[in-house]
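Naming follows writing order (A, B, C and D), and every chain is counted from residue 1.
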Amino acid sequence: MARNIKVEELLQTPIEKQRIELVERKGIGHPDSISDGLAEAVSRALCREYISKCGTVLHHNTDETQIVAGRSSPEFGGGEVLQPIYMLLVGRATKEFEGVELATESVALQAARNYLRKTMVNMDLERDVIMDCKLGTGSSDLREVFKRDRVPVANDTSFGVGHAPFSELENIVYNTERQLLTDLKSRMPAIGEDMKVMGLRDGEDITLTICSGMIGRYVDDLDSYINMTQEMKTYVKELATRYTERDVNVYINTGDNLKTSCIFLTVTGTSAEMGDDGSVGRGNRCNGLITPNRPMSMEATSGKNPINHIGKIYNLLSTQMARDIVKQVPEVQDVYIRLLSQIAKPIDQPLVASAQIIPKEGTSFEKVKSEAEVVIDDWLSNVTKITEMVIRGELNTF
Amino acid sequence: MARNIKVEELLQTPIEKQRIELVERKGIGHPDSISDGLAEAVSRALCREYISKCGTVLHHNTDETQIVAGRSSPEFGGGEVLQPIYMLLVGRATKEFEGVELATESVALQAARNYLRKTMVNMDLERDVIMDCKLGTGSSDLREVFKRDRVPVANDTSFGVGHAPFSELENIVYNTERQLLTDLKSRMPAIGEDMKVMGLRDGEDITLTICSGMIGRYVDDLDSYINMTQEMKTYVKELATRYTERDVNVYINTGDNLKTSCIFLTVTGTSAEMGDDGSVGRGNRCNGLITPNRPMSMEATSGKNPINHIGKIYNLLSTQMARDIVKQVPEVQDVYIRLLSQIAKPIDQPLVASAQIIPKEGTSFEKVKSEAEVVIDDWLSNVTKITEMVIRGELNTF
Amino acid sequence: MARNIKVEELLQTPIEKQRIELVERKGIGHPDSISDGLAEAVSRALCREYISKCGTVLHHNTDETQIVAGRSSPEFGGGEVLQPIYMLLVGRATKEFEGVELATESVALQAARNYLRKTMVNMDLERDVIMDCKLGTGSSDLREVFKRDRVPVANDTSFGVGHAPFSELENIVYNTERQLLTDLKSRMPAIGEDMKVMGLRDGEDITLTICSGMIGRYVDDLDSYINMTQEMKTYVKELATRYTERDVNVYINTGDNLKTSCIFLTVTGTSAEMGDDGSVGRGNRCNGLITPNRPMSMEATSGKNPINHIGKIYNLLSTQMARDIVKQVPEVQDVYIRLLSQIAKPIDQPLVASAQIIPKEGTSFEKVKSEAEVVIDDWLSNVTKITEMVIRGELNTF
Amino acid sequence: MARNIKVEELLQTPIEKQRIELVERKGIGHPDSISDGLAEAVSRALCREYISKCGTVLHHNTDETQIVAGRSSPEFGGGEVLQPIYMLLVGRATKEFEGVELATESVALQAARNYLRKTMVNMDLERDVIMDCKLGTGSSDLREVFKRDRVPVANDTSFGVGHAPFSELENIVYNTERQLLTDLKSRMPAIGEDMKVMGLRDGEDITLTICSGMIGRYVDDLDSYINMTQEMKTYVKELATRYTERDVNVYINTGDNLKTSCIFLTVTGTSAEMGDDGSVGRGNRCNGLITPNRPMSMEATSGKNPINHIGKIYNLLSTQMARDIVKQVPEVQDVYIRLLSQIAKPIDQPLVASAQIIPKEGTSFEKVKSEAEVVIDDWLSNVTKITEMVIRGELNTF
């Protein structure tokens, strides 16, 4: 059956020429990102468990982790968590399959604790965290879907969106968090994983406002703290020059009051230790960013099953399609993808697959159109490739 | 101090002329909407309690309700919930103020139960729901903010967005849910509050896919069910003609399989009774819609305190600004507002207040620009009006 | 098969002649008693549900309710609960039987809330209590037991004990709580259900120390409070004369400090509102008392299934046996029953049924012995009568 | 002030001459014992934390741990926990003292996890257990008690009981569990910590019914299982000869059905993994036994603060007194101690300290009486020694 692919030319000021652009990224230790990470880690662990025990992935969705903040008393050189952070893994999973009982909650618990240990290296899992778990059983009709030997049908009427390429600001914001938490952190362990990078471009001026929860045990005193944030600032300004020739201003922890030593210090690297709750799906979209200048989907990508949960698959797929179109069709300036499913229809047959393209100046939209259609159609023909990439851990979800 | 207001002309295909448009609204009984509603009901109750006991609103944020789905066995003419829905109210609140201890958790619990009783009229609060509550205490420095006798400072670096006017499709999607659950439900009580209206406009063709959890006790049998969905379909098509002259197709519960009687029947009116979890901030934006063709913010609006939580205030404010600009400046075709705060700066002084305007054909952008600036500046001068409107319950948050 | 019934003469100072006797009763609003009451109410509701839906009682045990105290600010004329009391219903139940799914958690929740509403009349269920529920599924082999059409086999190796008759002090302590909370409370609503009556008999002097959580809304001021406790004291002294000719001293709320107005005032009638947690099985034995001068069992009686849970059945049965022996064999001064089961053996065939008897002075033990054996054997032959009495609500468990 | 010490002669058949005697001990891995152990471990850790941070023990009671059983699939050679055991630490603690905030919940969590790791060596804390924690704050008036520089006053009207010496059966039951879980387990790791030893003495015949949750990973097959239980049986019979010359019969896991291989196998060593919930205070008394032939107290000893919680102190103290009397007054055959407090009175001044003594045949009660009084008075004069011994971990509580 021919697919309903609609490629249209979008008449619009390209992003780099719009006056105001906003881009945000929450670091992997932000309470919302921790929720996303736990949800996805649990789903991946369940996928592996299902394949190992049943030969196939069974129905599950674990996209509702809730983090309830603790209480802490951070200090230079140390500090301690007073009240543990409460993390509730929520979702549903198939607990029995053809007579085999599955250790879904135990697998979830272990996966979550492992993820946390790996990601939040200064969190003491023995005393800083209570990990709780409430997984219901999936409804039986949904479970049916997973047994069929053909393209799965959509679990919902829902849409995903994606765009490419990244703007300068998008690249800067994304890589600022990534580089601070990998490259710079390797020699400055005080940088907390709970980071928020807010980018504003006003014409040719870029302002980065960074909020970073420094880890007390690696900070001797206020001078040391000030020196570190200065070094971070220098590092980020230098980093930005790889992506732009615009002016870049960097502010770090502007909420600090140095006079009263009221600064953003943590024990564990995340503000979940002292007042900030977190949820799945409220932070970064699956491309790693929050971009009000771009179409976005409200669907959480993390924690959903990668077989038929269209809220996950179409977000990841849209992003892959957009990136491939830009790569394979050089005349494309900007492309926006929207995929809309209808419940109970095969996921390779969206109700509509829409691409909005801004061609580069002086190029023919018609040529671009047909090439883009091919990319879209190819991806839909191979939609289950997304599933495989998710299970292998090749796609980020936040 | 002059405000950083930037009004630019946006060159863009207006929404009604774009080929593909997607709009979604989750009904008030969708698990995500219930979460939003509970979160906001709790915040409003706390505001009233604080004012009554302390003369002023104190620090709180209750924007993290988590719903863990139950299990049910719906039937024509009845059915029952087998395992109650678990609802966890999460957040923080000031529990003591100048020697007065405040009944924050009890107030939250009561407000949540009252909200549910009023909203989900077929839910039996004695056996269908477990309402739990974990409210931490606010961090002391944040509490400081609330005592100051001047414009509050932003609690975070964050942005809000808004747009106006609604497109045809936006009006149709929004009012379909509203009218089905008020007007038609008054004579067809079987309509469940858990509804999802997904609108697709492909050129001149509008497709509405509606998912509605019918309430078993008011449905005698399959024939009755079919008749009701037919009547809903007719009602919606008729309703749509108030907003558009385009062709409108309506699909209701397309996931149903009438042969196997596998239909969307519920006991309580929400799928939270059988497998669908819910969270705050993952459903409708504060204008009541999810609109991937429009700028959106990821910030949850429900449950945050209306004093200094910029994620709430700037989303509500942007929407009010956009609507007022359209009302007061007739030459405006479409307007998009983005407000960006910087942590610890007064909330009437955003880092940037950006308006992108598409003027109507043949009108002067310059005139529009200055008039829009006035509207924006006026609102910022009176920013605390948003706070008051929230407390009085005059602004919806989802 | 002949039963292993062993009746022996006990040479012992009879209770009334021992120098020191201690007897305690916790009122029905004591946190431990509330736990017992909830556990038993849930079990009875499940029994009725199982009989109604499946024709027979299925496996369940709900004997582990945990109460986590709240926080309150009681006041003369009112007061309020600041943080709700958290009540967690714990246990296991059969959730599916021959294809029928059972609403075990919903039934439990409703039964618990109904019990509380009826018992704790000043508790506001909308804001003073969080009722949570975690019921696992029973292990399959245990479930087998319930299908068999013969005397059930014991679920455990366990014992129950009972004695009769009540001593003077036992009668006084038991009836003090009962009469205060029914008769006197009907005209003095301030009396809280959370009461503790501690009786000490030292030779011919009886001292009753009563702790009673008065309900603020019915107490105008300190004078009113003092008058009420005086009236209670007079009432109890008068009541005691029905059971004894010994001297009786009564102390009420001796922990009060009238100078600092630090008195035992509550909002709801139970100290669970302000710091006292509660558990099943830690309060009164199934005869309503705690009696260190008498044999006792540690087995919780409340909440266990009345079919094969020997910890429940043998405690209730021992008490019935003892009471019947005293009634039918007038020569018995004191009788102590101990019934010991062995796991997987029929419950009408205890490993040993032991009676220790102190005959009245001048009577023949041999005659007593054979009559007692008959009573014991009769009861064992009709052991399932206990089950029926429990389901009909004819036996108290605490 | 002279103390109210009452020593009376008890006329009673000594325990060894009574026809029927019952004694029970729950092993340290029984769900009730795990609850006791966690509660006490948390209290001790809080004592140490308070002393280290504040110089003195502050108010706390953590005597309400609730264990909700998980689900497991034990197998020869392995098996796994399917659903983790949920453990809820409940109680109250002082969280702030003279400006210092205390990490009570974090300390509790860590202590509980450490205790479990040490005690249940086959439990995988990463996937088999969810450790949750709800600690309220103590009521302020109670906190007052802890600051006073003199003998603390009783927190409640309550009593403790103790007896000595152990009967033959008491010694056998106690040491059977102890030796199986230390000596034999060191070479037979399959023995699970969840053990129940039920002793019945019927005249000169002793029957031990032992229930022991064998650990699957150390048991190859059914033959291996049978061999092990045989070896345990032989071991116990041999052990018993150290304490008695009576006939001893031993039954191990009599609930097993070898034909259907329905045996008592576990993954972790405790039945909490598959259906058995647990609570504090429902298992062994503080002397390690459950003894219906002896006076008992219902007060939980584990988890209560050792400063003024009379339910803990008087149980421990009574037992120490009884043991010392037996040691120091050789003419004593059996001694029973009962200590009764009155709320708000100094704990070294019980309302009554009662000793019931059965002197050895041919000895003078009067001599015994005065010597016993001295022992009792000495202990009351040094009552805080119990506190110190608890904190140093020198007294068992279950």
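Going forward, contacts are C-beta pairs under 8 Å (C-beta built on N, C-alpha and C of every residue); 3 or more make two chains touch, one makes a residue touch a chain.
Not measured: the values here are computed from a predicted model.
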Top of the farthest list for subunit C, CA-centroid basis, is A
Using CA atom averages as chain centres, what separation in Å is found between subunit A and subunit C? 55
From the C-alpha centre of subunit C to that of subunit D, how far is it in Å? 23
With centres defined as the mean C-alpha position, give me the subunit B-subunit C separation in Å. 50
Subunit C residues touching 2+ other chains are 70-71, 83, 86
I'd like to see which chains touch which, written out pair by pair. A-B, A-D, B-C, C-D
Could you list, by residue number, the parts of subunit D that touch subunit A in their complex? 70-71, 73, 80-84, 86, 95, 101-107, 109-110, 113-114, 126-128, 130-133
Any idea which subunit D residues touch subunit C in the complex? 6, 8, 10-13, 18-20, 22, 24, 61, 63-64, 66, 68-71, 83, 86, 88, 90-92, 134, 136-139, 141-142, 157-159, 161, 196, 198, 200, 202, 207, 209, 211, 251, 254-255, 262, 274-275, 277-283, 285, 290, 292-293, 295-300, 338, 340, 342-345, 351-352, 354, 356
